[in-house]
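One chain, chain A, appears in both complexes that follow, with chain B as partner in the first and chain C in the second.
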Partner chain A sequence: MTPADIEDPRGSGRARFGSSGLPHVVKRVGGFAFSLVVTLFGLLLVTFLIARVVPLDPVLAVVGDRATQAQYEAAREAMGLDRPLAVQFVDYVGDVVTGDLGHSNLTSRPVVEDIRRTFPATLELATIATIIGVMLGIPAGVIGAVNQGRWPDHVIRVVGLLGYSMPVFWLGLVALLIFYGQLGWTAGPGRLDVTEQFIYELEVTRVTGSVIIDSALSDAWDVFRNALAHVVLPAGVLGYFSMAYISRMTRSFMLEQLGQEYVIAARVKGVPEWRVVWVHALGNAMVPLITVIALSYAGLLEGSVLTETVFAWPGLGLYITQALFAADFNAVLGGTLVIGAMFIVMNLLSDILYTLVDPRAR
Partner chain B sequence: MTEPLLSVRDLSVTFDTRRGPFHAVRAISFDVGRERVGIVGESGSGKSMTGRAILSLIRPPGRVEASRLTFDGTDLRNLPERQMRRVRGRRISMVMQDPRYSLNPVMTVGRQIAEALRVHGRPPRDEIRRRSLDMLTEVQIRDPERVLAAYPHELSGGMGQRVMIAMMTVTEPELLIADEPTSALDVTVQLEVLRILDDLVRRRGMGLIFISHDLRLVSTFCDRVLVMYRGRIVEEIEAQQLAEAQHPYTQGLLNCLPRIGGGQGDLPTLQRQDAWSHA
Partner chain C sequence: MSGVQTPPTIREWFATDTPRSRFQARSIAFWNAWQTLSSNWLAMIGLGIIVLLVLMAVFAPWIATHPPNAQNLPGRLNPPGWEGHLLGTDELGRDVFSRIVYGARVTLYIVALVAVTAPVFGLIVGTVAGTLGGWTDRILMRITDIFLAFPRLILAMAFVAALGPGIFNAVLAIALTAWPAYARVARAETLTVRGSDYIAAARLQGAGTFRIITGHVMPMCLSSVIVRVTLDMAGIILTAAGLGFLGLGAQPPQAEWGAMISTGRQYLLSHWWVATIPGIAILTVSLGFNLLGDALRDVLDPRAATK
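Then we have the complex of A and B:
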């Protein structure tokens, strides 16, 4: 290695002097694309192996338990399960890369098609829940930190703790009972009522897969209102959990930042206290918060299984659950793959956002 | 002597802890005119707390009490927060110890300097820019345009502290509190930063409270020195007459300094007596 190969730390520092974030983001995306491929490959390996380890027989699920041994073997051969594992894996990777996740026994449709139908519902739910969690959780955490040890802090902490400790299916059922059953303020389970579902099928063009956005784009305001009434409860329940987590993290990040010297420096300058808190301290607390929000979002995509079951929300979580009960392997693996990929994408996204918020990370 | 710029009588800073009250500053009194006053003392002697108490930056559980705390005729005690903010930064400012921590890491230097100007009467954009650039030139930054767009982590320690000085004096305050402004810097740049600070104070005719643990530095840099020990001022002395200091603590501090060409023997250990903090 020649001395020229050794990067001069001061030299690279000068090169980045006063630079804006964008070119580095582009460079980062390139680097991340590589790690994305590697991680996805690992994910494929894991899902593939899970399928071979679980004590469920996919062949039996197809032929039924009254099939003869010959029929069973024939089916096994037809499904390619008699070949060596390595060959099966290469085959599996090839299929996934070309967008073939196999056929679902449960719905007798290609798994890809099922995912394309159910995933937007999950995405819609998790997105609204995360928006609720961020909009409430960050202010709550900031207010808690500013009033550390006084009553607003205690109230926020207790509310958050309740969110943490109540099981989601119970909270979902209670919410349904009160707001739908007793008060009638919201719509019940599902994404739409029967009438609106009918209009949706006929008149609304699918653009994003989100009923709310698509119906608004198609000027189908009855469907739009009905969809909102349906999403309020499940999104509220999930948003509550997200809020509890985000507010707790925000509080602790803010406490750390409010003890920093630059906060005092800002006060010395005569900066009003609201600006010291919401601009100076929160601006710095956002750096670690971005990762927290991204992971909590990914967690909602995955963790909405119970919520989707309680609210009969036709999303990926419900699909995987039903597939699991029916030993529908292709469906389970496809769904797992999508959720795993979402985790990777969210991580990537948080890393990119991170560099936008924190100049030191560029 | 005319009315002093800052007049402090019986200033106390107390922290209520679970193990009873802790007295950081105990009833100290002093005046500062348009002159350079040094406050020296060991860590924990209350010198930084004195500076922060003047700007009412002590937050609970800390308490500040004084029988008099006036700045240019304005009583700073119990001044409403809104009016205190007009004093802070605008009329009394403070340079802090370490630019690595006292500059906001996610804001550009330009925005941080502009903020100091903007919170005191929103001048137009081009005026903010012009004044920021002038101020950076004044603290001898060669490439002010580039520094304005830089983030604090892209600056060296000496540059960071010059930016800090620029940010805290761009509003042309009448009194500047410099709290250990060179302690976090390399010895080689300490002198440079001190010279810039000295220049600025002379040219503007600002009052300066220079807080440091370095007695020699303070004596060459200031007109008058207050020596603090455990929250009390044990001696007040003209900088030139430091050699004739009366108080045993000041003498002790002076004796602890090694001298070039002095004896090769061990330096004496600093003597401390509880009685001094009750004086």
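Then we have the complex of A and C:
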């Protein structure tokens, strides 16, 4: 996640669509659907091309290097690799659309099944991190804007700037070193300790795939506490990055709002200052902020790859990394595809949300 | 005063309201920007960090106290300050300080290579799309949008996985995911100048499309793109370090900061310095680029300032 990429959250979605012709809503929904399809298609094309440029020969992997030329050709034909690239691509798209991402050599299961198993862990982590980022980032941004140029503003900006400049995996390691290694306040890497993992496997019914929610639903409070102790560090680390971004954007939106005339009007009317700031101005700043939050959420899904590696968090990011080293290409591309698709959908969703909540953008 | 023409002093030459040549006008603009920038002490800290990084990379053999890859197994994992090892030794007894110093070369190499490829490509795509308009614009921008919507690290991971690990491939992967942002910036800038009179004048004088784009449109986009590049550098350094951490960037025994953190990871709880010190180096450099980038944006591109 690089903040500069998403500097202007009110990016492209608005300007692309004209104002004449069809009724606005229809045109807009159509435009979003078109964007989504084209972008997803582009993603498929890129992953397909990546699979094509792999220096490994997939046929050789199947038949072994002692196969005769005839055996090799037969396997090549059986795998469909002798057909034109375009035909193979159409086939690939068909497979993906019908939910077939191939077989993973690493886990010897279908990739789709692996993703279904690991994705909830990633989602859980990113969701908690976003909640932390929002809870801390918005107040920090508001306080910074209200105290523009004074020390609270400087402190908040420096904290945010550090967040922008820190490698996430390094902060994770430092957090482990301090809070787990030295102070012993939190649990270590992983999602659960061994005992709790055992109880979880036996007694907790899987409803959502989130250990925290499922264990609470099953009244397994030991598991619940243990899961919380494990999630605190990785979610805190990711949440810090989310906070850095959200507080910076909140600050700039709030400054924009506080300079508006309706703020002066409210003050003149005798509205208490806290109400002017937290209700009137923040209420309007929330409009672009929703986009920012959606983008930060998408960024965290991606940022989780490194965090999961550091914290041995059994999510999609760790799955992709492990598959990478096992040269398990179906798994890598499947995971890339899922995270990429989530990313694209969140991006578009933020565009849609923006048009929904801001009447001026309609 | 009198009609005697005295050659202007340097101070006057820079301060005049009526520059006599294009060179002088540019120098004055540059001087004014520098004045604003140098009054911002945060920006100067950022610039100082970057200058330090460059010096460290250039003079690495003279700054480093030990050869970066010299192993000394009896002296492994010793704490900072031990027998002349300023920042201690790693799991193979190599001097951490010297490896950090040499690691500056890798970081600078990555930064420089990305900085000369991605922005140039983005600039070409953006200005061509903006100037030509129509279908060219639509198709180029659609492709840009597709690439912009991709998660950068994951895509870079997939690219590196396909091309094979190594610094050059990591740079290639990062550049492939970094150019769309510059294309967007350049196109936006192009649209604001496309209809201006000076472009029309150049066209009337017979300038071809190529000349218009390279001679009259691109220079106008440069400042925005430069600001963007500076702001992006921190992200690029972090992505490169992330790839190095995952083992997809620089390969051992080359001293690369991300990879150093990765190997230090197993000794984290017992020997903290091996993993944490390279992280401080990464943090410092990307902080430097962020500080400078923020200030540059305020100076060169006041419209985008978030003040």
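In the analysis below, the second predicted complex is superposed on the first by the 292 of 362 C-alpha atoms of A that agree within 3 Å, B and C clash if a C-alpha of one lies under 4 Å from a C-alpha of the other, contacts with A are read in each partner's own complex, and residues count from 1 in each chain.
Methods note: contacts are C-beta pairs under 8 Å (C-beta built on N, C-alpha and C of every residue); 3 or more make two chains touch, one makes a residue touch a chain.
Everything numeric in this text was worked out from a predicted model, so none of it was measured.
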item	value
Side-by-side fit of chain B and chain C on chain A, or clash	fit
Contacts of A:26 with chain B and chain C, given as first, second, both or neither	neither
Partner chain(s) touched by A:90 [first = chain B, second = chain C, both, neither]	neither
Partner chain(s) touched by A:161 [first = chain B, second = chain C, both, neither]	second
Chain B versus chain C, judged by how many residues of chain A each one touches	C
Touching partner for A:283 - first (chain B), second (chain C), both, neither	first
Which superposed partner A:264 touches (first chain B, second chain C, both, neither)	first
First, second, both or neither for A:272, with chain B first and chain C second	first
Touching partner for A:176 - first (chain B), second (chain C), both, neither	second
Least Cα gap, in Å, left between chain B and chain C after the two complexes are fitted on chain A	14
Contact residues common to both interfaces of chain A (with chain B and with chain C)	none
Parts of chain C lying in touch with chain A, wherever the complex brings them together	142-143, 145-155, 157-159, 161-164, 181, 184, 228, 231-232, 234-236, 238-239, 241-242, 245-248, 258, 261, 265, 268-269, 272, 275-276, 278-279, 282-283, 286-287, 290-291, 293, 304, 306-307
Residue ranges of chain A touching chain C (in the complex, touch as defined)	1-5, 7, 12, 35, 38-39, 42-43, 46-47, 50-51, 53-55, 161-162, 164-171, 173-174, 176-177, 181, 248, 251-252, 255, 298-299, 301-303, 305-306, 309-310, 320-321, 324-325, 329, 332-333, 335-336, 339-340, 343-344, 347
Chain A-touching residues of chain B, taken from the complex the two chains share	52, 55, 57, 81, 85-90, 93-94, 96-98, 101-108, 115-116, 119-120, 146-147, 149-151, 153-154, 164, 167-168
In the complex, chain A residues that touch chain B	13, 16-18, 260-262, 264-273, 275, 280, 283-284, 287, 357-360
